[in-house]
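So, here's a batch of structures to check.
Both complexes below contain subunit A, partnered by subunit B and then by subunit C.
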Partner chain A sequence: MRYFPPQGVGHPEIRCFPIVISRFSFYIVLRYPMRAYLIKRLLLVIPTLIGISLIVFFISQLIPGSPISMQIYQLSQAGGPATDTQQLVEELRRQYDFDKPISVRYLKWLKGMFTLDFGTSIKDRKPVWDKIAERIPVSLQISFISLFLAYLIAVPIGVFSSVKQGTWMDNGITVILFILYSLPSFWVATLLMMFFCGGEFWDLFPIAGLSSRGAEDLPFWSWLGDRVWHLVLPVACMTYTSLAYLSRYAKTGMLEVIRQDYITTARAKGLSEKTVIFKHAFRNSLIPIITLAALLVPAMLGGSVIIETIFNLPGMGQLSFEAILSRDYPVIMGITTCTAVLTLAGLLLSDLLYVLIDPRISFESR
Partner chain B sequence: MKQSFSRLVWRQFKQRRMSVAALGVVILLFAIALLASALANDRPIALKREGRWTFPALVYYPEYVGTDFTEMREAKDYGWALFPPIPYRPTQTDLDLILEGPSAAHWLGTDSTGRDVLARMIYGSRISLTVGFVAVGIYVLIGILVGAIAGYFGGVIDMLFQRVVEIFMCFPTLILIIAVVAILPPSIYTVMIAIGLTGWTGVARLVRGEFLKLRSQEFVVAAEALGLSTPRVIFRHILPNALAPVFVSATFGVAGAILLESALSFLGFGVPPPTPSWGEILSQSRDYVDFAWWLTLFPGLAIFVTITAYNLVGEGLREAIDARLKF
Partner chain C sequence: MRRIFDRFHFNTTLAVLFLAIFSILNLSAFSDEPVRGDWLIRRLQAEPGTLNPIVASDAYESRVNYGMSGQVYETLVYRNPRTLKFDPLLAESWEESPDHLIHTFHLRKGVKWHNGQPFTTADILYSYERIMDPRVQAAHLRSYFKNLKKVAILDDITMQFTFSKPDYLSFESIGGMPIVAKSVFDDGQDFNTHPAGRAPVGTGPYRFKRWKTGQEIVIERDPNYWGEVYGRKVYLDQIVFRFVPDPTTALQQLEAGELDMMTRILQIHWAKKLNSKRFTRKFNKYEYYVPTFSYIGWNSRRPYFSDKRVRRAMTQMIDREKFVEKVLYGLGQVISGPLFFLSPYYDSSIKPWPYDPEAAKRLLDEAGWIDHDGDGIRDKDGVQFEFTFSTAAGSKNAEKIATLLKEELQRAGVVMNIERLEWALFIEKTQKKEFDANTLSWISPWSVDLYQIWHSSSAGANGSNYTSFKNKEADEIIEQLRQTFDEEQRIRLCHRFHRIAHEEQPYTFMYTGAELIAVDKRFEGVETFKLRPGYDLLEWWSPKALQAYP
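Our next item is the complex of A and B:
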């Protein structure tokens, strides 16, 4: 990550957001490089979206087990009255638009995507969107807590070890973070489960699930206590993985800033080290790590397949794992589309945040 | 000054003791994977019988097809034989010794069908290494090709490339890989291909960046002015100068691919049984998580040590190459 010197694009530009697209012209490109960049960035989302939708659509057309054969299979399993199969196939073909050209089907499918209609699950005939909507809060609470904790610990660690660079404390932190970075989360999760969840060793935490049986009837504080008790291990596992990653990021960000000329200037002015670090360096070092948060939002909603499967938490990760296990293609496609679109939004948001937070960026190179 | 680049990098690399030690671990793991059949086998490495030397652990002898070497070893019914340190095959079951903890006979215990955990781990290292290297090989090749073309030609091609990378980044990697593995027939190659096909975007972006930097340098302009063909300029003149960061990223990539393979096997989407793999032993341990600590601890430790070793080597390489760039 390199910081560019001011390029004459000053702060007033930030206030110009939101942009009026009708003024998109060479005039803007020359006169307002930032506005031009933002417009370009927004417009470039369109081909990516189309690409995502095309890929998901074609995969959904290619995968074995079309809705027709599924229906016929289910009818034959149900032992319904013997009907003319040929006629039934024709009827179903018409119902699912298989008699129309592929472009018509694609457009219809696209319309379904926009109205959050991802079809129904093969397993329990529930609408896919309902299943997803029911799982998102679970994943969201786990990942939000763990990401919050990770940021809370990672940012001070990053500042600390970059200020104390080269000392034994910095080296120790680096080694610990390196170990955390290389520890496979599924191994740690299984070990924690083995040693802390009953069995032959300590019985400190529940082995699985989100709350105890009948927890809904408890008064609020006991319910909350129960929930926290259930979330300790999964949150710990998810926190340490993001912690290892984030603090490395925070440290490199800080080191990158400390190397800059304006920090040397601040020191040469005779400012106290505290002022230099916290007023001049710290804020600037936060830019990359804040924009990173936007990229992590979709992952937060998507949940962790591994952790949710191990601890049997009914979140998005577990839903996608179960869907793949039972070849529940509508659910897989629904989740993939949602995650892909959210990630795209995250990418866009992070790019925009980067430009909006840091006015020194050169737009010609982007 | 030939080879000066690699020699400079090596000189820098040597100064980081941790990374050198990690390189030693990597070499050791390679040795274990190569010598697996001589390290863990029910057949003797060397056997002298009726005046004839044979090497049943290493070479196939038709006359030994029906021979039960375990019985022979236990009855000491042989002239002279050198047995491997772990006298079990990875698929050799012993239903009398199910889920036994570590002991003198089975150093790291046995699993739910009485197979020796250490023997399975030794053979599992083969899976980890091949998956790691082949998967990374696949995606480095794709990444270099795509990144080089995008970075060299720029313009519309580059714009198109960036869209494709963006699309790939938008799909959740683990779900994508699991879906590919679930659709294709289960085998070790499927895992390699799935990891290889989904991982190339990072390398491609790296190569593209390097190409954008090198594109306008004098030696490229000179090569073009000499009328060399475009592929020659790209692959013979620019690419060698862009490879150093790719090499570093590939080292980290091997660690990542090994982790992914074990995670896939752990979730039941990896290498099909009875092929031993570290993740597969770990996934077995989930059923006995209340007491069978040896099934969890040792394979996980193997994964952890391997990943740490590759990451440390990668760190060392990166520092060494960065130091070289400062001169």
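Our next item is the complex of A and C:
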């Protein structure tokens, strides 16, 4: 049975940049709306990225403190006859190009960008791109699984509490979710570790890391088992905090939909409550929460500093945190650029998803 | 490996039975004679940037490459942690000309790099040239060789270094110079980013096995090690360095048996957590001292701290004994000067200034810091005695010192504000001397050189004389110490310097904190030393019956 589309559901405005690129593109817009829209959005990525990188470059270099003074401190701790520090500072400044004006350094960085050269890290002289590529899979698998789990748990909770709105069960769920939301994850992580990782209590899970030693030599299924076993606690810590707001989203979406006339119609037709909720209301209530997922992509890549540090997972969170603390400018820039690209891609994706899910929104008017 | 099988292979009964029989058989062979085998899994607080010893600038690289005397890479000589004298390593013998200008080293024969190439004088020359190459990121090493005039290869195993002026540290600079293999690095690739920086090739008893980014570095015993012939024998088959930044996580891993050794244990963990039967049954705990000290620096460029009486007053306001007792749980030693209190260079007849707030107030009065305008705050020449105490955010001990001092000073009519700075900023402000007072610590090498921290020439923009301590007599002693080769005389000079530092109080010398390590009981041959890092993994071994790996 075809369902009646809801009327007047408040969709957030599709983000679009009010710039007409050329008459040519305008022509394409009219002829091939979807493709033209895509091209326009993709072209707009370039100035946006340059703008973002410009701001981040200048801000990161304006933070007081510099990698050189930290290096000098480390070296001074080694002791010895290093008295001529002034000369050392100048040599280090030359090594890292800090003797050149900031605008020159930015242009040099930008030039590297066009050839996809992110430069080398100050800390270990490794290419920034390699460092990021090494760590993306770690953060991605953790955040992907935890996001998936969070949706799997939060959406039914949201639907449930919207159906039972105002009852003690709804209130109870709300209270529990908000208690979970307010528990700091570093504390929960440490507690979980103390109780489940073979200290004084149960020895159920490994304390840290992604795999056991020698896991790479195991057959695939054992390797997978080992990996899952390592991921249980970090994923649990990442998941519980996002339950609260995701289920809120699901609940509001649902509430808005069941107030619609077409739901009343469905009920009036004598359909069972189950059919009304799951067949008629549920699908439409998913629009905001699915598009939200696209926007969460960059955050997924960012990883979590706290969880990664406590469970000793070499992910993006640790990398960016360390890079900022040690003023490793090339790495900071590399990560920011990646995140910016992904955010823009996420925005585009969520806009496209709107259209795919809701046929009433089209590109033609834009 | 052991842990995976525990959990994922359920047919372990057979293995357990087998193991039981195996250990019974082996117990009979149990003896005190060191045996080979087993791995040691230890913690590193952070991942080293590179394992190229010439461009490396962090201490983690040296834990992997060098340890106490050389694990992957080796140097010409090393300081024996027991005798505290230099012992031959890659160099078999050496001579020093009577004017201390020419050092001749005779290399050991038959030393090979891990890639099979012989180790020769050409490698030393190559390493020296790389250090001096301005394109190589080794600016920090170049200053060691400022006075080195000439490096000459006499033959394949003899090398001569000529200095332009006598300096006590010349010998050590050459003897401890990082040496890399010419055959590995000299292939036209950029030296700074050369792949060998992530897969070192050395001459030491351990060769590089693997480096898993963000996780661990593994080195394994080299069966062809040259030192065997000379009685330099090592036992452990592998040493695994796991990167575990978080101390609580590391401790948890230690307790669960995922780490065999943990260094730099926090005092609070040591005192509160590690006394359980469960822990002491499994681990030996070692508490020892290496040359480091914590201090509060009083910036003498500030009007109030330019007077030594004020600095002394500050010192006497701090109950250091109580601080060590309560905050460090007694795991430290209050000191009176910058020299290592367990070395002969420290004058133990100088006692730390006692905690005496009344005497401190008298000193402040004497210095002219009196509350003239009756607002409860001392002042002098119209300047209020109000200063800022900077600490690095996250340093709990620093914060406790600051809080204690603030209360004490309030009672004495001095206003102290506490400023917590993020580490990078804290260090930059310290180096630029933009602080009133701050607290930090120094790690010192065994051979005393006071130039870096105490000479007036180091008080410049980026020098390490952070408090701008300037004293003519001290400068003379420091310069003389560089030219003095007689041990007795060096000790006398150090004692004189100690006396000046005690009188002048450029720092409030707080304490030397104990190094706290825990090691799995299966390891034998564990001994602690006064030299950093304070233990020598090359001497450790574990009895066959107790070996846990592979």
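Operating definition for what follows: the second predicted complex is superposed on the first by the 252 of 366 C-alpha atoms of A that agree within 3 Å, B and C clash if a C-alpha of one lies under 4 Å from a C-alpha of the other, contacts with A are read in each partner's own complex, and residues count from 1 in each chain.
Criterion: a contact is a pair of C-beta atoms (placed from the backbone, for glycine too) under 8 Å apart; a residue touches a chain by one contact, two chains touch by 3 or more.
What you see is a predicted model; the values in this text were computed from it and never measured.
S.K.: State whether A:R327 touches subunit B only (first), subunit C only (second), both chains, or neither.
M.R.: Once the two structures are laid over each other on A, A:R327 reaches both partners.
S.K.: Which partner does A:I179 contact after superposing on A: first (subunit B), second (subunit C), both, neither?
M.R.: A:I179 contacts subunit B only, not subunit C.
S.K.: For A:T309, is the partner it touches subunit B (first), subunit C (second), both, or none of the two (neither)?
M.R.: Both subunit B and subunit C are touched by A:T309.
S.K.: Could you look at A:D203 and tell me whether it touches subunit B, subunit C, both or neither (first, second, both, neither)?
M.R.: Second partner only, subunit C.
S.K.: For A:I55, is the partner it touches subunit B (first), subunit C (second), both, or none of the two (neither)?
M.R.: First partner only, subunit B.
S.K.: Which chain, subunit B or subunit C, is in touch with more residues of subunit A?
M.R.: C
S.K.: Once chain A of both complexes is superposed, is A:G112 in touch with subunit B (first), subunit C (second), both, or neither?
M.R.: neither
S.K.: Quick one: classify A:T190 as touching subunit B (first), subunit C (second), both or neither.
M.R.: Both partners, subunit B and subunit C.
S.K.: Does the superposition put A:T343 against subunit B (first), subunit C (second), both, or neither?
M.R.: Touch partner of A:T343: subunit B, not subunit C.
S.K.: Using the superposition described at the top, list the residues of subunit A that contact subunit B and also contact subunit C.
M.R.: In subunit A, residues 63, 190, 193-194, 197-200, 207, 309-310, 327 are touched by subunit B and also by subunit C.
S.K.: Provide the residue numbers of subunit B that touch subunit A in the complex, in ascending order.
M.R.: 163-164, 166-167, 169-172, 174-176, 178-179, 182-183, 255, 259, 262-263, 266-267, 269, 282, 285-286, 289-291, 293, 296-297, 300, 303-304, 307-308, 311-312, 315
S.K.: Would you mind writing out the residues of subunit A in touch with subunit C in their complex?
M.R.: 63-66, 69-89, 91-92, 95, 120, 123-126, 134-135, 138, 190, 193-194, 197-200, 203, 206-210, 212-215, 218, 222, 225-226, 229, 309-314, 318, 325-327
S.K.: Can you name the residues of subunit C that touch subunit A in the complex?
M.R.: Those in contact with subunit A are residues 1, 3-4, 7-8, 47-50, 55, 57-59, 134, 137, 139-140, 142-144, 146, 167, 169, 173, 192-193, 197, 213-215, 240, 243-246, 248-249, 252-253, 255-258, 276, 278, 422-425, 427-428, 430-431, 442-445, 449, 451-452, 455, 457-458, 460-464.
S.K.: In their shared complex, at which residues does subunit A touch subunit B?
M.R.: 44, 47-48, 51-52, 55, 63, 178-179, 181-184, 186-187, 190-191, 193-194, 197-200, 207, 299, 302, 305-306, 309-310, 320-321, 324, 327, 332, 335-336, 339-341, 343-344, 347
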